[in-house]
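Encoded as structure tokens, the structure appears first; notes follow it.
Note that the chains take the letters A, B, C and D in the order they are written out, and that residue 1 is the start of every chain.
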Amino acid sequence: MAEPTLWIGEPSFDLAHITHLELLTPCLEESVRFFRDVLGMVESGRRGDSVYLRGWDDYVHHTLKLTAASRAAMEHFAYRTVSPEALQRRVAMLERTGLGIGWTDGDEGHGPAYRCRTPDGHILELLYEVEWYQPTPETRPALKNQASRFPARGCNVRRLDHINLFASDVRSCRQFLQERLGFRLTEIIVFDDGSEKGAWLTVNNKGYEVAITEDQTGSRGRFHHVCYVVDTREEVLRAADICLEFGVPIEYGPHKHAVQQTVFLYVREPGGHRVEIGCPGARLVLAPDWKPIVWSQAERQRGQAWGLPTVATFHTYGTPPV
Amino acid sequence: MAEPTLWIGEPSFDLAHITHLELLTPCLEESVRFFRDVLGMVESGRRGDSVYLRGWDDYVHHTLKLTAASRAAMEHFAYRTVSPEALQRRVAMLERTGLGIGWTDGDEGHGPAYRCRTPDGHILELLYEVEWYQPTPETRPALKNQASRFPARGCNVRRLDHINLFASDVRSCRQFLQERLGFRLTEIIVFDDGSEKGAWLTVNNKGYEVAITEDQTGSRGRFHHVCYVVDTREEVLRAADICLEFGVPIEYGPHKHAVQQTVFLYVREPGGHRVEIGCPGARLVLAPDWKPIVWSQAERQRGQAWGLPTVATFHTYGTPPV
Amino acid sequence: MAEPTLWIGEPSFDLAHITHLELLTPCLEESVRFFRDVLGMVESGRRGDSVYLRGWDDYVHHTLKLTAASRAAMEHFAYRTVSPEALQRRVAMLERTGLGIGWTDGDEGHGPAYRCRTPDGHILELLYEVEWYQPTPETRPALKNQASRFPARGCNVRRLDHINLFASDVRSCRQFLQERLGFRLTEIIVFDDGSEKGAWLTVNNKGYEVAITEDQTGSRGRFHHVCYVVDTREEVLRAADICLEFGVPIEYGPHKHAVQQTVFLYVREPGGHRVEIGCPGARLVLAPDWKPIVWSQAERQRGQAWGLPTVATFHTYGTPPV
Amino acid sequence: MAEPTLWIGEPSFDLAHITHLELLTPCLEESVRFFRDVLGMVESGRRGDSVYLRGWDDYVHHTLKLTAASRAAMEHFAYRTVSPEALQRRVAMLERTGLGIGWTDGDEGHGPAYRCRTPDGHILELLYEVEWYQPTPETRPALKNQASRFPARGCNVRRLDHINLFASDVRSCRQFLQERLGFRLTEIIVFDDGSEKGAWLTVNNKGYEVAITEDQTGSRGRFHHVCYVVDTREEVLRAADICLEFGVPIEYGPHKHAVQQTVFLYVREPGGHRVEIGCPGARLVLAPDWKPIVWSQAERQRGQAWGLPTVATFHTYGTPPV
């Protein structure tokens, strides 16, 4: 296999950041309680069967939309472009791929969005117009350079950090994000047979915003997890204490990933989705000529940074469950 | 002046730890909200005009009693003895001093208590019988070796750590605690003229449980502050963030004391009392022949550990205000 | 089985704290480098085939003596009494048990010591006279209430916290420490068949200073680990980062014990001894009537606090290896 | 005054990040010892009267060049562009401003650089070609996605974060960076008379990389400070402990800025430069339409985030001293 590259094609800066995702849940109010009371997120609106939430330093109206449904699934995730023009450029490119779906009128908190599918079938929206979160008297921060008040409740997660797609075909999803949307590849797992087992991509200085890992059940288009972050590794440990107190099942961690060095705690929210409380530390990718880190099969078999083996469910459990 | 000594008289182990204090407040419900919602304490009972509270790892029924009154004052503080016999021994000694007051029937959460006065007039209770805190379904901890659930609310203070008496005469109060009650002196400030400006005393392995500092207004028997602790210095900084968000006035800090090296944040609760959120770190006094640290006038003029000058109000503001 | 009790017999306060241990190592200089450069301890002397070390806040001359030998073993551990009289009282009691060995003349850093054996054969010394550590110009602290300068090197371990004895018979060792030396039992694991699998004991306000756990190889008198502590859980994670960088094998952790709630990292020093870098947080046992926490077989099978199963080597690996 | 804007002119992404600065020092070896032993930086080369250093996670050959000179001054600072073409574009623009100086052949660790002046006279270099740091056996990291080994020495600063220019005219410097180099303005202090007292600018997702504050002595082109960062606020407190131990003068802090919310510690290195050890936390500016935060005169008079007044020397002390 050719050496993986940071960019496929010309560098572009059309995408700004991941801006939200929508999770379907079979037990809406319990899921809301988890994200609000255990994670410490702020409820910023409701419409129909949906509840909108955000971390205290997320500047947009919401980064998480929870919608009642018969089963858990990630309905879509969304990226904000850097400008209206950048949005138009990307839509034009997507329409040529056969993976475009079309425009929606928007939703609470954002304007028109263009939907497309990854090769594995995950739905991705692109949009530019967003509503900035307007604090209420209860959520107004003391410092004006902060999106809203520190909640002092539960795990106090700060902001949406990244999502992890579960894919039957990591490579095609990875190439799609790089070629069609200008994602940069920062780290990747490539096994001895050349197969890609995981890929970490970004559109900004965060080390990654989307991870794609292999679904060993062979299912297509499933969801692995969403990660909200705190500022310190200690707060990840405290999150573990809090999950223990609240009866939230801990699947894995706290420990530190070798890949990206994120300190992690994986739990299950009541609807069944895997949720990570993470700390990426001050890890930023600033080099314009970053060379993707390639992890070999042998290197991955050493487990996580401090030696913990990867939990088996990481390769098979996703939402919707199969 | 003779060199200050750890013990005055024979070593004794009659006292176990500070167990509670009662603060009078002119705005009871606001004070309760401060201790419960901002500090994260647990309300464990109410009786008449009083509300009882504790930190999540305080094992007793309460460590703080708040009582409605026309003005802020520290009504009394209380020590638990190591046994009923130790209590009797100490009462017998106190009765000979002329500073004894007499027995009370006890209160919510504890049995009979013997009251006495410090030479400056602060009221101190000794008691042995206490009610251990019984968790409710909402406060039951996941781990059985913990007094109650981690609240995940506000500053999450863990336990009562110490109080600071404000005194017109530091030396006589200090000697009283050493001679009559078996306190050990761990650190002391002695100025060039031989006057004692502050004294830190303990009855166990904590570096101190009672501090006595000079009230430069010359008032007698006032209260300087109570300190509840968190586990890390980061949590003291977070407490400052939270106080800022909740509009709680910060008087001093966060910074680190030279004396005892406690990392501190001093704020004012709505009733007017100074409250410290502190972190003593892992600082323990285990040596049976510890030599009291004597801080000279010149040394104190260097300010706190990292150089911050002591705030002027520290020498004049206490409760009741004058 | 009768319910385990805090004290066996009358409360006594004769012992002050664990003061040192001696580890035999087949590779002295490599072991020294580990404790000095990786853990950040201070070398305070050498004599013959021995090197003396301490953490930056240990007040005594040394808390660890490393001695060259053909194989790894814990030669002895030592307790300081609260007074010369307390030492005499305890020696008198030990001489009646048949487990007394006799007096030694002392060593670098301490005076005469009386040796005895636990029922499993571990050697324990009692002593009172110690030499306080005298800082050199390089180790003199900026604050006079600190034993020596913060080293800013390696893991910066603060002080000796506890040791863990490996025993063929937990109960008899536990009873010996309680009955003969006045240890208090704070936590214990008792299986359904009444067998004791682990016991945690203290002589002061620390939750424990000696742990005794069952050696499933049936060997007698082996050593499980020594623990040096840092102030925060974050520093335990950092210790894991540092051990990874220095090629120190990580056996287990970082994670949080259910028993005592210590956050732990277990590694192997070059000589083969298991070493813990731990954080006990602010966990103190102050209640004079503490009821020992009894963990059942079912409770222990749930793993550590956040769910990690106990590593198998914990039940079989000790020093000397078998 | 018109409302300050994020961009002046079209958004551009030509600059990647600040890549190094050169400090002149009258005591080279003492300055080296400070940055290496106290801050924990890595020496990566020497040439002539210069020593090159970097933080453990700086990916370039060096981020700090120290050069022996008769007095302290910031000789130049340097930005890396995102591509060779971006460098040519910017040079072409600078040549039209009259502030261009010309090309240099490069230095240890980087290729040709184009020099220009800010309106206040600070020298700024632009370059693209850099040498990535090549670890030695002693600095090779255990994890391949890390620039070099965590040093476990001193303050362990991670990477160059930002510099603060001292300027007689904040506005003209600020406008120069925005108009000519595509910097984005994220926060600014504007007094009632319309004068700009401070401006914070970035070229990537960090909240700022260059601050410009008003030099109240009226001197032109001086330097205020350089900031290296650690991952947590606790490490900033630990840096204060370490500076206290090493006799490094603390000028200000630790405390938290209201502007940008950086937790800071300001010290003086032996050569006289002000150095900040800071923690920006997870604070990122991801919004493509961020509105610069404008701090008024009244707001600034409230002091820093937790209430500490700004130290007077902040407005007058810079290098070279006057």
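By our rule, a residue touches a chain if its C-beta (ideal position, glycine included) is under 8 Å from a C-beta of that chain, and two chains touch if they have at least 3 such contacts.
Treat the numbers as computed from the prediction; the structure is a model and nothing was measured.
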Shared interface numbering between subunit D and subunit A [over half = same, under half = different]
same
Taking each chain's centre as the mean position of its Cα atoms, how many Å separate subunit C from subunit D?
46
Roughly how far is subunit A from subunit D, going centre to centre by Cα mean, in whole Å?
31
Centre-to-centre distance between subunit C and subunit A (centres being mean Cα positions), rounded to whole Å:
44
Mind pulling the residue numbers of subunit C that touch at least two other chains?
143, 232-234, 241, 244, 305
Work through the pairs of chains, note which ones touch, and then classify the graph as line, ring, star, complete or other.
complete
Contact set on subunit D toward subunit C in their complex
38, 40, 141-143, 149-150, 152-155, 232, 234, 241-242, 244-247
In the complex formed with subunit B, which residues of subunit C make contact?
11, 13, 16-17, 57, 59, 80-83, 132, 143-146, 158-159, 187, 204-206, 229-234, 258-261, 280-284, 286-288, 293, 295, 299, 305
Can you list the subunit C residues touching subunit A in their complex?
232-234, 237, 240-241, 244, 250, 253-256, 263, 305-307
